[in-house]
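One chain, chain A, links the two complexes that follow: it is found with chain B in the first and with chain C in the second.
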Partner chain A sequence: MLSFVLRRLGQSSVLVLIMSVLVFFGMYVVSDPVAVLASDDFTEEDRIALAQELGVDRPLLVQYFSFLSNVARGDFGTSFVYNRPVMDLIIERLPATLEVAFLAIGLGLIIGVPMGIYSGLNRKKRSTKSISFMTTVGYSIPNFWQALLLILVFAVWFRWLPASGRGDTTMLFGIPVSFLNLDGLSHMILPAVNLAIYKICMQTRLARSGTQEVMFQDYMTFARAKGISRARLVRRHLARNILIPIVTITGLELGGLIAFSTVTETVFSWPGIGKLLLDSIHNADRPVVVAYLILIVLMFVVINFVVDVLYALLDPRIRYT
Partner chain B sequence: MKRTLTTLAAVATVALSGAAQADVLRMAYSSAPRSVDPYPFGGATTAGYKEHIYEALVAHDDSPLLATGWTWNSPTSLTVHLREGVKFHNGDALTARDVVYSACRMMFKIDGKRNLLTSSMGPLTDVVAVDDYNVRFDMANPYPLWIQKMKFLSVLPASGADVPDGPIQYDAEGDCGITAYPTRDDFENGDAAIGTGPYKHVVYEKEFAKMTRNDDYWGAPAKWDGVEISSVSNSGARFAGLLAGDYDLIENPTAEDISALDRNDDYTFTGKPAWRTMFVVLDVNPEGANGVSAPDGSAPLADVRVRQAMSLAINREAITSRLFGGNATVANQFAPAYRAGAPEMPALEYNPEKAKELLADAGYGDGFTLTFNAPSDRYPGGTRVAQALAQYWARIGINVELNTQPWSVFAKARRAGDMGAFFYGWGHPQGAAQMISFAFASRNKDLGLGSSNYSNYSSAAFDAAMEAWAVETDEAKANEFVADAMVAAMADLPGIPVYYTHSLWAHKADLTVDGRQDERTSAFMVSKK
Partner chain C sequence: MMEAALDQDLTPKADKPEPTRWERFRKVFKGHPMAVVGLIGISMFVLVAILAPWIAPQDPYDLAKLDILDGLLPPGSTLFDGTYSVLGTDALGRDILSGVMYGLRISLFVAFTAVLVGSAIGVLLGLLAALRGGWVETIIMRAVDLKISFPGILLALMLLAIFGTGVDKVIYALIIGAWASKARLVRAVALSEMKKEYIDAARLAGLSDFRIMTRFLLPNSISPVLVVLPMSISGAIGAEATLSFLGVGVPITEPSLGLLIANGNDYLLSGKWWISIFPGLVLVAMVLCINVVSDRLRDHANPYLRAKD
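Right, the complex of A and B next:
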């Protein structure tokens, strides 16, 4: 197990390094923070002074190595645009993203998995066909368009839910969260549902195909022959065996939601990190973009690791040596 | 028990009706104000937000605000007379000392980085409190523009920092013997967010800000009990928020949004001609321009006839009426003709036949190749206008390739001088001269001219007029110099003016919006019918 962990760590640090080079040099090639930050009444002298203060007047390699040595000391740099430590900006916005991401993933699991098992078990029923139709639709609607539809129906026509923003927050262990008060919760619903629809469809399909496969395995036939009740059959023998792909995908999807809910966050003006990433790319705020993507790589590494550990728990045949 | 319940119900009713009576204006901006601290950042939404709380010596329309007037002691020294009886939100009275402190704070480098508004301070060398209500600004070079630039200097109370007793000695590093300035956190939690404005800071969370009326305001009291500013960058979501009742007013609705309002009695929109001139910059360098090539290897854009032909090819009327539905104004010079100080200029002709003749005279009867660059995400409707311009030029035989790119990429290429022809918009608090002094004058470090001369334009007549304007403290004379420069630039066309933008607001039908030219959205311009 230890050597497995160490190997993973080694691989991920190489990954982080490659990522930092790509983003750092990529941002340098396409955009110039001085040109974006300087207003039209900056004189050339003002622009040169600004470049010096941002440290972007130095040769690119010098900039990159000073960045690396700072990261090694735990300093991810200072945002060009906000003149604040990058980590502060990201941490400040992380709770908003996390709560919506977890709500969406939770909805996906709670609704999608039972629906998938149901349609896997009752393949010929009419309700199964309509579930299958709905998942196809839910899969194929573009995310931003679906978001605008949700706003149109629930905010503009029915006026049940607010169209955008985060609403009131409640402090939980010093972290502002929305889900503990009514106003905040009502702001959370639309973005979370927008993210969840796709997840529900996916979990339904995963659970259904898993169910169809597992139900015809010899051990299931045997269990049925033994006279085990249907409820116990589904809970003990079926559910456990279809979980492995679901856990894998859920892990990756959680990572994807946290890292790249940019479209949903932008449309709903949800002040999360996805919106920060998009704004920073627009503003040529290289330190934020680089640090953000490095953190995302690290997060995926951790999530994959947790998924691997879960495998071993779910399937006794899997061992890491 | 029953009695308690009744009392509770009564209290609740009173509380609820109280809440309903409070007139709170809820506005949605198109991007989040970057800071409560008035100095580090520019930008329309940051500026629009902060002017609710802070005021400067000069108002947005160059009229005195916290000042009552000013006197030029010499071309390099200005004394500004302060308004008496003005109080900060913390109860302190405004004096000249606060102005000196604010100038120090403007120049102070936070974590070694200058505030982005610092450039407005130009060649200022000293700021002196002559007495409580007179403050003197000394300059290294004549800097008449300071009258207009003073609006960047939001005035903060000196009591907000650890200022030693006695007069504050200004220095350009912003150190001024002051040991500790308020930090960003002090501003964001409201401790240092103290100005003299009609509204007081309540909450600032970037995408959401809240303010309440300043009951001790020195001028006419604010119209709203409170103001809430949300920031929704996606225009579709912003408009949906308006229709959903989340906001009373939104800025920058799209052309599609406006046409959707035609069918809706509850909402309407207000437009106001704004200060931004949209124009094409042409690199007139005789050695050639990037992305521009002719079969014979010459530099087409260096020939004034070619530039005139490109201007004649454009049907400006069609652009403003078709692409903007009338919510844009045809341009005839490099500053909105309706802006104070703008000279009288003739309308620009649309005549493709004449354009073709001019091209033939110049030796480009068979056309030439031109790459036309435009930012894709910067100006409302900008991409469509760029396409239209490319088509107009194609009609007179120019082989145009349109290249649109995101602003951050475009801005880099512009600064690097990589674009021979590009589309740009310029709007700024300064009057008619500001843009041409940067974009078309020859570089002059001392007078701050020509820093954005990507046209590589150099004209003796134009430069002489601009250099005279830069040091002229008499407004009428300065305007004459601007007119001379504008005439020279419009004859030589180092760029081609196309149209002036309009600012738009969509809002509830029971509100009246008295918009401003400066693209800002504020509660001051909104009132109930």
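Right, the complex of A and C next:
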């Protein structure tokens, strides 16, 4: 296990390094922050002064290495647009993204897994057919358009829920959160539901296909032959075995969810890190884009690692030597 | 339900003539009306996309034909020049139906090109990895791991942020999104094929690696990729629409369905819903048709489920 951990750590650091090179040099090629930030009446001297102030007049390699050494100390530089440390911007917006993401995952698991087990156990029923059709529809609707539909129906036509923004926040351990007060919660519902619909469909399908596969295994036949009650069969023998892929994919998808929240946050003007990324891409705010992408890579590396370990713990057949 | 599955006679019936390709095709869809509807839907959308310049009521690219007075008309209005607009018009007076028909062209073109090229690259790399092994395999499979550990939409977003936007750039970004899963899939099948005797026989006959790969390995390892291809295409259609909606996809001069939806986004809150909703409906209908067919193909390819059909 230890050598496995060490090898994985080595691989991960190489991965992060490669991505940092790609992201940093890629962003350098595309955007000239001076051109974006300079107003029309800037003279040539003003431009040079601005470039010096931003540090973009130095050779590329020097910039990269100073960036790397800063990152090692947790400093991702200063945003060109907001003129504040990038880390502060991201940390400030992270709670908003996380609370919606966790609400969406919770909804997905609570609704999706039971629905999936049910339809896996009752293949021929009409209700199963309609669940299966619903998941196909849910899979097929592009996230952003679904968000527009939600806004149109619940915000424009019925006027039940607000269409954009975060609303009031309550301080929880010094972190502003929305889910503890009514106004914040009402702002949260549409973005969370928008993210959750895809989750629900995915969990339903995973649980269903898992159930279908496990039901054919010999140990299930044996368990039934022993006369175990149906409830116990489902709980002890079925649920435990199908949970393995579900845990894995939910874990892997947590990163995807946070990454994908760019779309939801943009449509609902939810002030999370996803919206920050998109705004920064449009504003050519290089330090923010670079920091966001590097952090996402780091997060994926950590998530993949944790999921692998969880996998080993859940399935005794897997042993890393 | 389990007893039924176990009791079923799984031995193939003897002395039946080998089914023709058409018969096998029909068998996949027989008794699955949803999948048939999906198939018909796909054909319709492709047909409309191809024929758009001839059947669209208006040419949305021809600025001379547009009249600003026709702007933001609800569905069922008659335009200034007498054309009947079934689905209404957008802010510039463009007929939504015509826009959707042309948008369909771009959406389908981008998705098909990207997935076909991406899959071809993936299949080639997967076969190469299986055939050569060693460091070739290590490099290819590490690259696959790297790609798959990253969410596709974010990767595309990043690439477009770096390289700029445009139809060609979107296609490149989607190609990069499409190859890895196919490489992994093909390699897994090809590795088990490699152990079979016909490959040894081909090797003994002195055939080149290239010939073994294209004539023997490829035809025997390709079917799982063909099964996931429709899903890949519908995914690419959705990804393209998302990127265009976010403003980093196709340019405004070549509006795909995603960009048409984005155009209507600003008018949604004032209740002018038709600009965004109709292109979206077409997008969903198309993706849904592809997914229904794709589900059918996947279920058919799964031997556990096929025994019960």
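To be clear about the criterion, the second predicted complex is superposed on the first by the 320 of 321 C-alpha atoms of A that agree within 3 Å, B and C clash if a C-alpha of one lies under 4 Å from a C-alpha of the other, contacts with A are read in each partner's own complex, and residues count from 1 in each chain.
The rule is simple: a residue touches a chain if its C-beta (ideal position, glycine included) is under 8 Å from a C-beta of that chain, and two chains touch if they have at least 3 such contacts.
Note that this is a predicted model, so its numbers are computed, not measured.
Peer 1: Taking the superposition as given, does A:106 touch the first partner, chain B, the second, chain C, both, or neither?
Peer 2: neither
Peer 1: Just checking: does A:296 make contact with chain B only, chain C only, both, or neither of them? Give me first, second, both or neither.
Peer 2: In the superposed model, A:296 contacts chain C only, not chain B.
Peer 1: Which partner does A:282 reach: the first (chain B), the second (chain C), both, or neither?
Peer 2: Once the two structures are laid over each other on A, A:282 reaches both partners.
Peer 1: Where does A:43 make contact in the superposed view: on chain B (first), on chain C (second), on both, or on neither?
Peer 2: After superposition on chain A, A:43 lies in contact with chain B alone.
Peer 1: Taking the superposition as given, does A:212 touch the first partner, chain B, the second, chain C, both, or neither?
Peer 2: In the superposed model, A:212 contacts chain C only, not chain B.
Peer 1: Touching A:82 in the superposition: chain B (first), chain C (second), both, neither?
Peer 2: First partner only.
Peer 1: Per the contact definition in the header, classify A:266: touching chain B only (first), chain C only (second), both, or neither.
Peer 2: In the superposition, A:266 contacts both chain B and chain C.
Peer 1: Quick check on the superposed pair: does A:156 touch chain B, chain C, both, or neither? Answer first, second, both or neither.
Peer 2: A:156: touches chain B and chain C.
Peer 1: On the A-aligned overlay, A:245 touches which partner chain: chain B = first, chain C = second, or both, or neither?
Peer 2: It touches nothing on chain B or chain C.
Peer 1: Shared contact residues on chain A for chain B and chain C?
Peer 2: 30, 148, 151-152, 155-156, 163, 266-267, 281-282
Peer 1: Please give the residue numbers of chain B that touch chain A in the complex, ascending.
Peer 2: Residues 34-35, 40, 42-43, 109-114, 116, 118-120, 184, 205-208, 230-234, 236-238, 240-241, 243-246, 377, 406-409, 411-412, 414-416, 426, 428, 430, 434-435, 438, 443, 445, 448, 451-452 of chain B touch chain A in their complex.
Peer 1: Which part of chain A faces chain B closely enough to touch in the complex?
Peer 2: 30-32, 34-47, 49-50, 53-54, 78, 81-84, 147-148, 151-152, 155-156, 159, 162-166, 266-269, 271, 275, 279, 281-284
Peer 1: Name, in rising order, each residue of chain A that touches chain C in their complex.
Peer 2: 15, 18, 23, 26-27, 29-30, 121-124, 133, 136-137, 139-145, 148-149, 151-152, 155-156, 163, 212-213, 215-216, 220-221, 224, 255-256, 259-260, 262-263, 266-267, 277-278, 281-282, 289, 293, 296-297, 300-301, 304
Peer 1: Can you list the chain C residues touching chain A in their complex?
Peer 2: Going by the criterion above, the answer is residues 1-2, 5-6, 34, 146, 149-151, 153-154, 157-158, 161-164, 234, 238, 241-242, 245-248, 258, 261, 265, 268-269, 271, 273, 276-277, 280, 283-284, 287-288, 291-292, 295, 304-305, 308.
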